[in-house]
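In what follows, structures are represented as structure tokens.
In what comes next, subunit A is part of two complexes: it sits with subunit B in the first one and with subunit C in the second one.
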Partner chain A sequence: MSERTAATERAGTSTEDGAPEGHPDDVLRVRNLSTRFFTEEGQINAVESVDFTVRDGEVFGIVGESGSGKSVAALSLIDLVDSPGRITSGEVWYRDADLADEFRDDVPEAVDGDLVDTRRLPEGVRRALRGPAFSMVFQDPMSSLNPSITVGEQIAEAVEVQRRARANPRRTRSRTQGYGMGRLIADTLLPNRGYTSEASMNRAIELLEQVGIPDPAERAHEYPHQFSGGMLQRAMIAQALAGEPDVLVADEPTTALDVTIQAQILNLLRDLQEEQDTSVVMITHDLGVIARMCNRVGVMYAGQIVERGTLSDVFDSPVHPYTEGLIGSIPDLDDPAPRLRPIEGNVPSLLDEEMGGRCFFADRCPKAMSDCLQPIPEYDAEPGSDEHAVRCVLARREHSEADALPSDHFDRNEEVRGDE
Partner chain B sequence: MKIGPISISPRTIRNLRKEFRSSGLARIGVVLVVVIVLAAAFAPMIAPQNPRTQDLDRAQLPPLGFTDTEQQTRTEMVNGSVETVTENVTVNATAQHPLGTNSLGQDILSRVIYGARTSLLVGLFGTVLAALLGVTVGLTAGYYRGRVDDALMRTADVSLAFPSLVLAIALIGLFSRFQADVAVAITDPLVTTGVAGSFRDAVGLPTPMPETFVLPTVVILVVGFVNWVWFARIARGEALSVREEEYVKAARALGASDVRIVFRHVLPNSITPILVLATIQVAAIILLESSLSFLGFSGTTLSWGFDIAQGRDYLSSSWWIATMPGLAIVLSVIGINLVGDWLRDALDPGIEGEGGM
Partner chain C sequence: MSESAAGEEPLLEVRDLRKYYFENDSLFDRLLRREPTSVKAVDGVDLEVYPGETLGVVGESGCGKSTTGETLLRLREATDGTVRFDGEDVMEMSGSELTRFRKRAGIVFQDPFSSLDPRMTVGDIVGEGLKIHGMPEESPEDGRSKREWRRDRAMELLERVGLSADQIDRYPHEFSGGQRQRVGIARALALDPEFIVLDEPVSALDVSVQAQILNLLEDLQEEFGLTYLFIAHDLSVVRHICDRVAVMYLGEVVETGPTDDIFESPKHPYTEALLESVPRASVDEQGRRVDPLPGDVPSPRNPPSGCHFRTRCPEVIQPATVDIPQEQYRGVMNLRDRLERQGFTAESVWDTLESEHGGDDFERDTVVFKESLREEFDLAGLSGATMDTVEDALEILANGREDEAAERLREAFASPCEEEEPVLTGDEHAASCHLFADEEYDRDLDPEDVGSAMGGMGGPGPSPPVDGDVVDDLDPDGSDDAVGTDAGTDSDTDAR
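Entry: the complex of A and B
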């Protein structure tokens, strides 16, 4: 089943009347998501009309260079974008039948079948979704755990929060209950009063064991600085799994680790994902990780997803010259002779006034044509599966030398960019 | 070791011990503070006299080791006519009043010991109040940033614009309007249970000691309101940096509420500079309290500042009346500052060296 009507211009598609069409297995449908940062230098379009879907029990990869907006896209997903950034538009449809029933009458526009648009839910509910619905593993395990609390207790706390939330379905309030100023003073004055119960601590130890930490019962009482980087990343994953999330967002989970540990962590994620049927959104700049882990892939460039499809769509029959460039810059073990072909130039600054209404990759693209100087919608791509979509005119026409932009076009036309 | 949500690692304890051993100043500070705290706690047992007993016959006695000459004028019958005779009389110190007596014949040592109670209690409660207020405001401002931050910190700046003594006096005026009792008398458990009495009998000190102790509550409130700004500034700065840590983001990604993040993650990781500031603030508040009671705003008469004010009139004839409580202030402030330096050096290894006060 195609999730698109053929070659429509997706960026402008309005979905006011409910969830967009998609695959029945979709647990997450992100539509037209834009996140902007309003800084002193100007408006930065970190995420620009991003569309993708994540299905039950799959690993969806987002790959791109540094500064392409991958991490901001991930944070936008779980609504953690911090001032001066703001999600300016878009929908994040999440499948949760109970939540859909709860809000069907109150907020009808946020509900469609089993899906709810988390962006239209009240803030308290959105927070309640973090943990049991979405959870995140961060890039740097060394700084992602609070140095003043033992590892076990931090995980137990995450367990406890979910436990209380589940015991009391008035989701929003139950979490803050028993955690205020009064409680803090009581905890300070009375010894041996912890927030976490023994059951949560035991669950935390179980989780630590599950992610492969030896002697979990003992290590649970150690502080983060007593753990190695790989161990900490395991602990982070354990913490992220505490709420039994439906979607686990892993933001470059292996970047800070050395290669052998990287492989271990990736295997761990893969195993856990298969065991628990969690969906994973894997964000990385490492095509190797993508190739190894993911079922479907989105390639991000300058805040847009420029090409997406199944793993083989993107790796075996890329259409977008950027994807080709990424793949071309990986050394080929069978034929190590030729020089690597890097993509010339740098990722654009993403400053709104410098972006212009054109294909953002055109200034680095070896196949740029005059057609590229207008906004490019997402097209169905011919090769590969019917999920293969690409933001490139080459999906519609062949490259022709006649229309090619002169190589110095963007140097000369800094001023007039995009208004041809 | 664990105190509430804040745990003290063995490494911290090791650092404290190491710094204590290597720094002579730290040891002096700790000794001074311990002596003052013990004196204040056991005042009814160790004070040689009741600090409130007046004895005009024994007024202005000098401290031990000093003698004082006093001009005495008396009328005498000399050869049938009445004459006024002026002669110099030597006044000797007595062991009953080791630091002498003031103009009312009250024992200065006892008053200094009892004054330590006032100073320490005002210093401690005032600091706790200032810290609670300031840290709450500062963490809120630093965590939420933006307009909340601007509103709270500009308020803090406004209260900084007043000299602290002026602000304190204004606040005392304000509070006194709403509260008739500027001070609360609390009973002294050591005296009422008879512990102090039997101890004094055994040692041979005169017994009736004051059963109540006056706590200047308004002064505590006021010094808290005057000094919260420093805590707010430090806490805000720490919150600004800690909120950007990945573990705060991770906690949010796991669904933690703002209250939880602030108290569980931000506060424990900003506590070190706040603790160090608190020790220094105790000293600053003791000074402020002394200034206030010197000016007559304290609500208690057992206070170092009050005694200094009283002794000021006799500086030319009986220097010890003002000097002894003054020394007590100097020693306690130095002691507390040295302890503060010790804590700072031990808890914050980033700052090297002895550092000033």
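Entry: the complex of A and C
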């Protein structure tokens, strides 16, 4: 039996002991991660029982359309999900021998060899991991940097947080954390109570130079609006590098940029990743970016990773009809195909009551069968490498017309629900 | 520039279209006698669109492609230039003529979230144009009221673009992005136009939905015999849907031609770089390193002289007196550009050096200064006279005299590309680049001095003095020369 997890339970509260099995090079193993948003309209299952691993020094890609939950998955990874969202279950095993030693006695269930389940560590420790262990490059550099602080100071601040953290681990406070009336008055009256020091500013300039910003000393004193989009994205990367992270999460790092600038940023990310042996989780909707950058890929749809494997598993021998559809939807630059083969319909809403216990893609799937009306676990897929796994019944059986769902199956269900 | 491929008259003909925006142009500025500064969003664009075809306009953000689309429909008033639609001058139209033009030419906007009025139902949105143009002109014969006729027409259109007719009373927020874009397309179709400007119609959509919309647009074109001007930044979409393509950079068309020619044998270095940069969705792409264009697009407030692309061009032409590897010439040009146009100062280099050496005890050493610049601008491999000039300039720069250093470099390294603006040359597949102008009016450069990347400069007019044997080479190409120049002057006359 090749079912890898017990992800079939929709509530997803499985708590197994120890870290999941994986490759010895894994720096990160994520199991059964679920994130829900509790909104007025109802519960939204943004991330639904996601499993994946990230190896040392590789680029792992997560690709999906908007609303597929890929950004929320990234935020969940580094514990940045805000209310009304909450990570409802899951384990994030991170390889760090020192951290493992530290917590082996206090929280034994969170430690397995060198791996530590960060979800079971205290909040303060998770916070301290942001920076030296995980850091993030956000999608829109224009709105992710503070417009009223110079770029250099914002990066120096990140450097300063790391410096203070090294001196006194578990006590990382940013400038704004716990900022109250008292500190406001003190800062106003005493002009020299700056958060950053000259050393951290120099380090910031060095980082800016490292990411290829010309005249770093001068540009460091400029404000974000004085930078172009590509330069700001470089500055964001510099900020993310301040803590020398093991895992860099890049959430659509080039989506807001033009192709020529995108090429610059992708080269930069690759150089930095190779020089510093960082692992990168690359989140994007652009299959071309995935193809250029990634070693292994996960395809997300409606909060689930529906297919994962090496680049050639996913691109050359996809099993899931969604993956096939996604690849068939993009026009090929080198060969103008006569007709695109789009996926019909739209991305589902992810509202809990509308999801139902079935394959979430079944309502758009050209090969939907009666087997698809139950929750689908992750299966090993035949073609390709050992890594290739897919959440689709087609991995176990051939498509047959006899079992095919009538084309109006889901329309009828909708009507029934509407009548109620 | 190109003569009609099919020998037809173009449906839309744009000549030397310009759209400048002015800053410091208020009454207050005039009282203070401040000179208005212009932002040249569109700076002399020529286009033809033939009936039934799709012309793609591609370029990076800020290159003026959307402004071109809106200006040629007169949604913005042009600063200069002519637009002829089916033989009539759009810029001169007024009153009923303009109303008739509006009926024949429509637009689909980029962002389906902000281009639909949230307070109108989609039925009203689609039918609004019909109402404005007083359609139907006469009461329908089957006894429906005009209002009912418009409503039925809107339903028909919604069905045609793949929505269902019973969604007619819904509001835009009830639809997804792809569905809204379908509403926008239905609105553009309502008046039965011949020509539609599609301003990035799919760039806000997910790939699976994007493919649906592209297929829909192709079907509609076939069914209604539409002519499209398709504005996009996504080259693979352009390749898929367009018959001909115009590539824009900083307000100008740098290359135009049939889609296959542009994609398979691009002429202009900018087009080549664009194509090279696009990540392909295939396994072969893994780990492919591209040589990206350096730097950012220059500001349209102060576009570079001559060829606008010369500040980033990997094949910028060296003057006859210089023969150094292209990377080093690029480095010299980058240094000059930074000095002349971007306010680069020696002080900022010292600051950087100081922070690198960590602190106040750093002594200002010219050798270190020059070394760091040589490294930054790839100047290390120079030798001979060029090295002396560059060393000289660096020395001057280290002493804080930026203007003088720039002047020094300009004297020795001024490129033909910065002195003369290239014109679009070539017939069907034309590029505006001195590398190609070369063939038409060759100006002699000793072949030994000229690397493969070099050529003469385009066009007659004032040019830097070159050796005496210019005439020799001009003669055999005399006829070509005339064609190239004629094309240039023609468009000038048209503009007037």
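Everything that follows uses one rule, which is that the second predicted complex is superposed on the first by the 374 of 420 C-alpha atoms of A that agree within 3 Å, B and C clash if a C-alpha of one lies under 4 Å from a C-alpha of the other, contacts with A are read in each partner's own complex, and residues count from 1 in each chain.
Note that in this section a residue touches a chain if its C-beta (ideal position, glycine included) is under 8 Å from a C-beta of that chain, and two chains touch if they have at least 3 such contacts.
All figures in this text were calculated on a predicted structure; none of them were measured in a lab.
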Record, for the superposition on subunit A, whether partners subunit B and subunit C clash or fit. fit
Quick one: classify A:Ser135 as touching subunit B (first), subunit C (second), both or neither. first
Is A:Ala291 touching anything from subunit B or subunit C once the two structures are fitted on A? First, second, both or neither. second
So, does A:Glu157 touch the first partner subunit B, the second partner subunit C, both, or neither? first
Subunit B versus subunit C as contact partner of A:Asp258, first or second or both or neither: second
Given the superposition on chain A, what is the angle at the CA centre of subunit A with arms to the CA centres of subunit B and subunit C, as a multiple of 10 degrees? 80
For subunit B relative to subunit C post-fit, closest CA-CA distance rounded to the angstrom comes to 10
Per the touch rule above, subunit A residues touching subunit B in the complex are 78, 80, 83, 127-132, 134-136, 138-140, 143-150, 157-158, 161-162, 165, 175-176, 179-181, 184, 187-193, 195, 223, 236, 239-240, 242-243, 249
In the complex, subunit C touches subunit A at residues 60-61, 176, 178-179, 206-212, 214-215, 233, 235-237, 239-241, 259-260, 263, 273-290, 292-294, 296-297, 338, 344-345, 348-349, 351-352, 354-356, 358, 376
Using the touch rule from the top, collect the residues of subunit B that touch subunit A in their complex. 2-7, 9, 136, 145-146, 245-247, 249-257, 259-260, 263-265, 267-269
Show me the residue ranges of subunit A that touch subunit C in the complex, using the header's touch definition. 65-66, 199, 201-202, 205-206, 209, 214-218, 228, 230-231, 258-264, 266-267, 270, 285-292, 294-295, 311-312, 315-316, 325-334, 336-337, 339-344, 346-347
